[in-house]
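Reading through the structure tokens given below for one structure.
We call the chains A, B, C and D, going by the order they appear; numbering starts again at 1 in every chain.
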């Protein structure tokens, strides 16, 4: 175990995988100077500019070229900088990367990791704050990972790089400086296995990415009131851990799904609907209003789902 | 009333709106020769090539230019040909069209209609068959319409053209030849008001677009077995008619949502989750497997949600 | 107006092979159109009838381990790359044993065994993918090259810019070929394309570009040989603009009423197989030999078509195979 | 190395105005950086310090009813178009009375009243929007024009191709300006850009393009006047490539360690305000007058900053206003 940040954990994961497998390479704008958040700092010095490759501002080519390079047996790690800019390369991801293996009858694979930092980050406004994980969960062929902790940002990124499917890998911009214990060396977190953040018998709360920490804060407060929260960090949205979620919701009889993304048609709907289909648990969702993210702090904060709202909803589900 | 096809109804709607408002114009590839399905046939003769404008194969420019033209007070109707190709212009739709009004503090509007024909059409395979309506329902700022009948394809398209918000207008390719009665002249279908296709007291079925017809077939069969289906055609996914759906589900105690799109993170999840949150109705969803659409007929058919599956699910919800 | 052929020097046996290949391509597409008319082929077919010299002249110069990326109008390219005609027809008919197991169809035909990495249903999308395939070749220090063929309409899509710039910046081994048949679906491409054309655009990225009569197999062959040698020599990307004409409609279902019959009739006189035959006749190959080329091609394709027609459809369970390793496609469905 | 200025002819009062405008831009951005350092400005700031001659020389030539589309580095353009400095600073500080009511911030600054249709957080996205604004002008038979400014990095995005082709095909009244500061964030743009540069790319679309020293306000002014006259005359799109240098980091938070201090020092000698001042001194304007220009600009901006700082934040309910007419943003949330 070593104490390190979410950012450093991802960097370590990438460096380890690049040492292990010479076919792994990373490409994106500014990578040679460490990338926009410093996630790649120092890597070009170790691996050289071919494997830590700069790119023109050509998102369609960054992603599209990586599809070609993946079909040819290399394992590109693609940096999209902000998930918002990945919207400049949706054909390449959804029509090409996700479908190639199926369309071609299994002749090829697209082992590609698309890093798309998500989420609100103070005053980044409408085009630098989105969380569109629900979109990719809807697309056959894609894997979707949303790490919430440094340890997971190491273990999931390593799994993503070794995966033969295209993985949309969504780190939360606010989490870069978060510190935590991270296992050294070979630490692989499998896809589709959720993490029980804390155990409790009254309300199941399911979340992912930075919102897990908001929910943990709420759970702490609720514990003080005698409400036991079974808090589940989903880690990956596709595949997602139905077994843990259904077991927990059936046991507590109450499911609250909570995410930073817009509530309407968010991935919370999938979880709530699944639980409603398969258990008799009460279900509730918490997500952002259906509004773009604004710049001024009060406007931005108005669309955040805070710990108070989480706790209040859990309380009301308990009839309090 | 006149009997006409779904295709002709849309053409009539566009022609009427273009006659009414000189600021309405249409742009897309091949429009001067009627468009890829003939939806624009004859219009260039009446309105000339400036208002029924051809375009280069430049989806980003078709959509992006229309954002600029809309901000400048014209009302573009944009043809994307297949909704799949709209994935080449997602930044323009999601980061620009949908957010401009909000980001700029209300200084401008983007009165834009984006026509995106959706759905499976015999052997069109993975890149010409998608139904991604759930994506756009998730994006603040967008309206999403999915007409199922000729009358609605007139009334909703006219409303879309008059709307000051950007509207993603999804016609189903299989419905082009469908005939029905269409009110002549001023026929406006408001957004967010669903259509009760048939009334019944046992199971609420919610659907939209071509899948409505599949559900109607199932409802007919179920009626013969004494199961009364309250069949609701949602018509628009944003806004969507929560009032009609919640009332019906509360009354029947059973909600089945059914769509052609992939089930996972489809818009059915939003409806099922909402109903589960607000009523004690049983909920079930039916949608496609999470697989790309294949070319060979049996492979394609394997991901269709047929009337038999709808009826079987309804029966099982009735305990039969 | 085709140039005077009488004084041209060429390798007769090479041209004879190309003549055979062009006939095989034409026969295959005629079979596909027949399948369409008889509702045996159910998806769209985009024939390249009249454009065969591009397929034969460009792709015929690739090694088996070279990589090809093509378009919706890619039957000719695919056959020229070495795909089996029966496997191709099985794919077009959506049958077991198709190159993609019947799951792709005409617009997604691919044969990785012969380096054919896929047609594409999205215009222009293959350009960036091709750049990336070449990128992988460079990273792996391999000596093969990539060839990417696209239409004249594709040069108006953003990926054209991004892919060409990418290939030039990274000095990648790729030959870009713009197969210009004058049309983008029903639209005369020139009406929607600004500037002096594809080669000029390519040169704006510092890419050496040549222009050629794409119905003249000798010219295409010679240009491609020269350009490919430069690409193989590590010179980075090269570009070829080959002008041709689409003798059919955009798809098998398009009667193409938007262009005068006289135009088509005039262009038919310049179609590449006839021109190749004329050259061969001039070099002493007799009419019977040429007719035999056609007959052999048609026999091959007829047999392939019958076999494809007789083959079964894939089973429904194929719908859920090769989606992805992680997660079940059936979770949450039905 | 700036050219010898002594023999140049120019309109002194015009240059004096430009000198004042450039100082206003610089003062505004210095205030924004101060706000950033003091954590009063919370979002990213992309300063254009050192690039003011492009804003003043290009945008100063637009009419109020002309339309401007800009980038993330758009403060100078916006001020030059006539936006109020206080309203701009209120926007940067996220306050009531900001040009966008505090909802857009620096990267989405816009002032429709003066024809400024928006900065953009997505590189290159403004190019197609600009083409469309010009399309509307043409459809409406208006006589105004559109000016679209973007960086050197933007010419590697697909919308550059699609927007330029579009404008040329439809013959639209738009002046494209590539404000080339040598960098795309931390990357030297030249390292990721193939070919002979922006003007060559524009010419490949048949668009007349000029190249100019973007730190020479007289040169920019003259080039823009010429090009704009052609655009206004119905000649279709025109293109200007203006070379300048970004004296600061990419954002206020970027110390730009990736370039040598000597390089920056050398380029600082060529910054445009000093060059304009030198010309004015040569034309007899005294140092005091020039200092007064600076002082007036700084005073204006200081007052604007104080007023912006004193202004309240918008209320939380603004989060749900101006989303759209149809459907409530709160439905299903919380």
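Following the convention adopted for this analysis, contacts are C-beta pairs under 8 Å (C-beta built on N, C-alpha and C of every residue); 3 or more make two chains touch, one makes a residue touch a chain.
Not measured: the values here are computed from a predicted model.
Any chain touching subunit C that also touches subunit D appears here: A, B.
Compared with subunit D, the chain whose C-alpha mean position is the greatest distance off is C. Per-chain CA centroids place subunit A at a distance of 30 Å from subunit B.
Separating the centre of subunit B from that of subunit C, both taken as means of CA atoms, is a distance of 36 Å. Look at where the CA atoms of subunit A average out and do the same for subunit C: the two points lie 40 Å apart. Residues of subunit B in contact with two or more other chains: 55-56, 58, 60, 84-85, 88, 91, 95, 102-103, 125-127, 140-141, 238, 262, 264, 270, 274, 285, 289-292, 294. Residue positions 98, 100, 102-104, 108, 120-122, 156-159, 161-162, 165, 169, 191-193, 323, 327, 329, 331-332 of subunit C each touch two or more of the other chains. Because contacts link each chain to all the remaining chains, their graph is best described as complete.
The touching residues of subunit D, when paired with subunit C in their complex, are 156-162, 164-165, 168-169, 191-196, 200-201, 203-207. Of all the residues in subunit B, the ones that touch subunit D in their complex are 23, 25, 50-51, 55-56, 58, 60-61, 63-74, 76, 91-92, 95-96, 100-108, 140-143, 163-165, 191-192, 238-239, 242, 270, 274. Residues of subunit C that touch subunit B in their complex: 42-44, 91, 94-95, 98, 100, 102-105, 107-108, 120-124, 153-154, 156-158, 184-187, 191-193, 258, 313-320, 323, 327, 329-334.
Those residues of subunit B lying in contact with subunit A across their complex are 84-85, 87-88, 90-91, 94-95, 98-99, 102-103, 125-127, 132, 134-135, 137-141, 238, 261-262, 264-270, 272-274, 276-277, 283-285, 289-292, 294. Within the complex formed with subunit B, the residues of subunit D that make contact are 67, 69, 98-104, 108, 110-113, 117-118, 120-122, 125, 127-137, 139-140, 158-159, 161-163, 165-166, 169, 321-329, 331-332.
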